[in-house]
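I have placed the structure first, in the form of structure tokens, so that the comments after it can refer back to it.
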Amino acid sequence: MLPDLQSHEDRRGIHIDQVGVSNVRYPLTLPLRAGGEFNTVANLSMTVSLPHYLKGTHMSRFMIALNERKHQFRPDTVHMVLKELLDLLEAEEAFVDMEFPIFLARKAPVSREQGLIDFNFVFRSMSSTSGTNDKNVGVKANVTTLCPCSKEISARGAHNQRSEITIDVRPASDEFVWFEDLIDIAERNASCELYPILKRSDEKAVTERAYDNPRFVEDMVRDIGKDLLGLLHAGKILWLYVASRNFESIHNHDAFARIERGVRGPLLNPREGVDVAITA
Amino acid sequence: MLPDLQSHEDRRGIHIDQVGVSNVRYPLTLPLRAGGEFNTVANLSMTVSLPHYLKGTHMSRFMIALNERKHQFRPDTVHMVLKELLDLLEAEEAFVDMEFPIFLARKAPVSREQGLIDFNFVFRSMSSTSGTNDKNVGVKANVTTLCPCSKEISARGAHNQRSEITIDVRPASDEFVWFEDLIDIAERNASCELYPILKRSDEKAVTERAYDNPRFVEDMVRDIGKDLLGLLHAGKILWLYVASRNFESIHNHDAFARIERGVRGPLLNPREGVDVAITA
Amino acid sequence: MLPDLQSHEDRRGIHIDQVGVSNVRYPLTLPLRAGGEFNTVANLSMTVSLPHYLKGTHMSRFMIALNERKHQFRPDTVHMVLKELLDLLEAEEAFVDMEFPIFLARKAPVSREQGLIDFNFVFRSMSSTSGTNDKNVGVKANVTTLCPCSKEISARGAHNQRSEITIDVRPASDEFVWFEDLIDIAERNASCELYPILKRSDEKAVTERAYDNPRFVEDMVRDIGKDLLGLLHAGKILWLYVASRNFESIHNHDAFARIERGVRGPLLNPREGVDVAITA
Amino acid sequence: MLPDLQSHEDRRGIHIDQVGVSNVRYPLTLPLRAGGEFNTVANLSMTVSLPHYLKGTHMSRFMIALNERKHQFRPDTVHMVLKELLDLLEAEEAFVDMEFPIFLARKAPVSREQGLIDFNFVFRSMSSTSGTNDKNVGVKANVTTLCPCSKEISARGAHNQRSEITIDVRPASDEFVWFEDLIDIAERNASCELYPILKRSDEKAVTERAYDNPRFVEDMVRDIGKDLLGLLHAGKILWLYVASRNFESIHNHDAFARIERGVRGPLLNPREGVDVAITA
């Protein structure tokens, strides 16, 4: 029988907030709001809290849980994975984070030529043995932004660029937020959405639409923020974060803005009441 | 006279937490604890809050401030930059973030052959017109970790790897924390520190030192955490975060652990009391 | 009818070697040597040559081809995509490059606990209307390397680390090279292969195996090179490249070695005989 | 006396093209065409060839050479570093590669407000004991491109974006090519150059200039190629490569084009006449 150092007693008196595996690459299949599923590749982390009296966690159990429950690594079923981690690792808190690209079918605005457009999805979740649960749902969606100032002051044209919109929300405990909902909010507030395929008639349409809908980086976070505040006030979400990063076509640096509102949950707050036995 | 859209009134009633420029690359010169200076290249962001009644900020003023006050982009003088941004942009809050590599001279343990070893430094700062100030100081320091379990159970050898230690602290308002202090704390708790130059006599020394000092990812954050808690209890810092990411030599994923203690300042907390005029 | 600038005549007399779309993210399904398939997400580029007398190519046609022929984006059928691009874009040469993660089932050496291990696959291909075809097949496979010098000179232990092995080959025209074949060659010449799941009995096995099989970065490229030279001499491949990048656990920089042998094909050589009409 | 495994005889009969250190981060000071110097941080690799009869190279000697000759890591003096590596490591061929950001002062077009604009420089060099020398000099310069098709077909506006121009050249043996020369060529052929600081009057100027100078990705490589072909035909350079990557503001993928002309030198060609003693 090989010794099990990790199960030894630890006397430093320091509780560990999170310990586990990260940067795990894994293929997943996920549901779409419109029905059906899509295949993707996720970057995962799985961690647990470790009480001050234990020397280490058992890393292999995370990867075994992943292999056995891979079909549950999705927003609506990850609570079963969290429960499994709490049990397997005898932990008070368990955490699963996932990031992966999303692929949605999209038709060009005029020609209706269809392709796939990609976004990034971020999902964070935690459960504790005392019954606390928390989730954060987010997307990174690229869009077109066209500068209102450049349009206003110039005799012709206006600078525009690809911008990355980040939206993160904390759904209320019995609410489900599709990543498609967040993408919709990002895109409908942009100068124009992006397309995988644009024929000439489509390119004319998106060029003119962007020119007709100029948006500062400030407008992006305010208009998206306004839609998200609607969800907040309706009790569907408890917290929101929105940022826009514009890869300015006239500069070599980015324009950036962010807004945060509502109440962060245990996922984003430091752990309360941790018993720190240490005497410095 | 060209129109100034940014100065127009905004009626959406949404205060913007931060707006400005990011991903700005700029050469800086910084002081060393041991005396003297070093040259580096930073990635910078400079932002301000924007009241709900203004449409936009004036992006060019950030870059003008950078160009005029480049010698003040260092931890001990950045408050002058923040004050300048508050004035120039008529803002209630201003933020400057900086990331750059640090280069320290390091002698090999036996041969004393000297080279430069590099780390990453992260510095975040804010000031408000109401007198609030906050700073976070952090490093990313790579070290060697050697697995205690692998050593204990194996007849010979033990797996070891490069690990990335992240330390972030919030210095008390009248305290200064050198990045070298944080690097010292990361390195003295590792299985071994890294070196730019190792001759054979040195390689023997570091191999044996690592073998004699095995450290789990849990040990890394506990031992570093213990040293940082010493600073917390002494009132030198108000908050601490430490994480270790081990690029496991036996896996294709990483082992990860983190600890956070103390009180986050305004830099990391959502802005309180924001006047949201919106009616959803 | 919208004007079609791209079809206009160009008078600069400069043939373009490659023009098209790149950084296209797309989900693909690919076959495994052992039978069955796996789902992944690829980064793609699709380009064609453009004769000196044409102003531009038609970018939307690449994305239409991708959407219509997505099932043919695999090493054994991509020639049909290339033919389609030659036709659609009236080009002399067409190119398709793909990079994606591969997932293989892998059992731990002692416990036989099974998980998925990931590698990166790179595939480059071209066809011309004159009948030239060329392919390059490559993998990036991470492995464990343990330093022979460190082992030899130290009283105990030996530094080891994760290393990234790059293998690229040019299969002979009627030969097929599985990416699994290249992974096998990388792994069997390493100090040890990596595993997704290792229980204590497995960790003992891989620690000792690595210690018993020390490999310099030079050994990695020579031993892998030797196996690949076997394929070259047998006429299965026409060209080989192998590199090892060791993320040294005792340094903050990498050790690197590379070997190249055989005859590069048109994919890697500058285009011959391009008609340059320009008078400087 | 510690054993020196690296100096042992190797019997696999496989010459190694390059072995050494890579991903070395180091602060450098470099000259500017306009006079004066600038400070930057480089990513370096230093390698040598290894004859088939030697087991390994001596890695510490690269880093010692870097530390002792850091002032010679610049395009006009790196031949002294190469000579040192040939001597120190008793090698037939030595290679030094460097990548670093360049910072140039730039005034806004109307307001003349001055800031720093950044580019990336790539420098590759080799020398052999038989007298072969080769250098490649390159830049990555970001610019604005505005789409001619979008402008032509749209009633108003035109999509534009940040584009990354890559230029690499092989200077003739007694010619010196400043990186500023390559940046000039990239920028003067773009729709517009980028600026660190733009006030409203400047923003009007660059918006209109870009609108008045539309450029396809094909135009970028042809017009830059034409300027570089001028250097080629004048005998100042022996080889050229130019690529444009447009981060399309209407798509989530990039448009890409490349041109290569002239004769690659030993740096880019596989090593000729390598004695492969292996019998497969």
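The first chain written gets the first letter, and so on, giving A, B, C and D; residue counts start at 1 in each chain.
Keep this in mind: a contact is a pair of C-beta atoms (placed from the backbone, for glycine too) under 8 Å apart; a residue touches a chain by one contact, two chains touch by 3 or more.
In this text the structure is predicted, and so the values were computed from the model without any measurement.
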Task: Pair exhibiting more inter-chain C-beta contacts, A-C or A-D - done: A-D
Task: Geometric centre distance via CA averages, subunit D-subunit A, whole Å - done: 36
- [ ] Report, in whole Å, the distance between the mean C-alpha point of subunit A and the mean C-alpha point of subunit C.
- [x] 30
Task: Interface hub residues of subunit A, defined as touching at least two other chains - done: 2, 25, 63, 118, 149, 153, 196, 198, 200, 204, 251-253
Open item on the list: Is the chain-to-chain touch network here best called a line, a ring, a star, complete, or other?
Closed with: complete
Task: Of subunit A, residues touching subunit D in the complex - done: 117-118, 142, 144, 146-147, 149-151, 153-162, 192, 194-196, 198, 200, 203-204, 206-208, 210-212, 247-253
TODO: State the interface residues of subunit A toward subunit B in the complex, per the touch definition above.
DONE: 2-3, 5-6, 10, 12, 14-25, 45, 47, 50, 55-57, 59, 63, 148-149, 152-153, 216-218, 221-223, 225-226, 229-230, 232-234, 245, 251-261, 264, 270-271, 274, 276, 278, 280
Open item on the list: List the residues on subunit A that touch subunit C in their complex, please.
Closed with: 2, 4, 25-27, 29, 38-41, 60, 63-64, 66-67, 101, 103, 113-116, 118, 196-201, 204
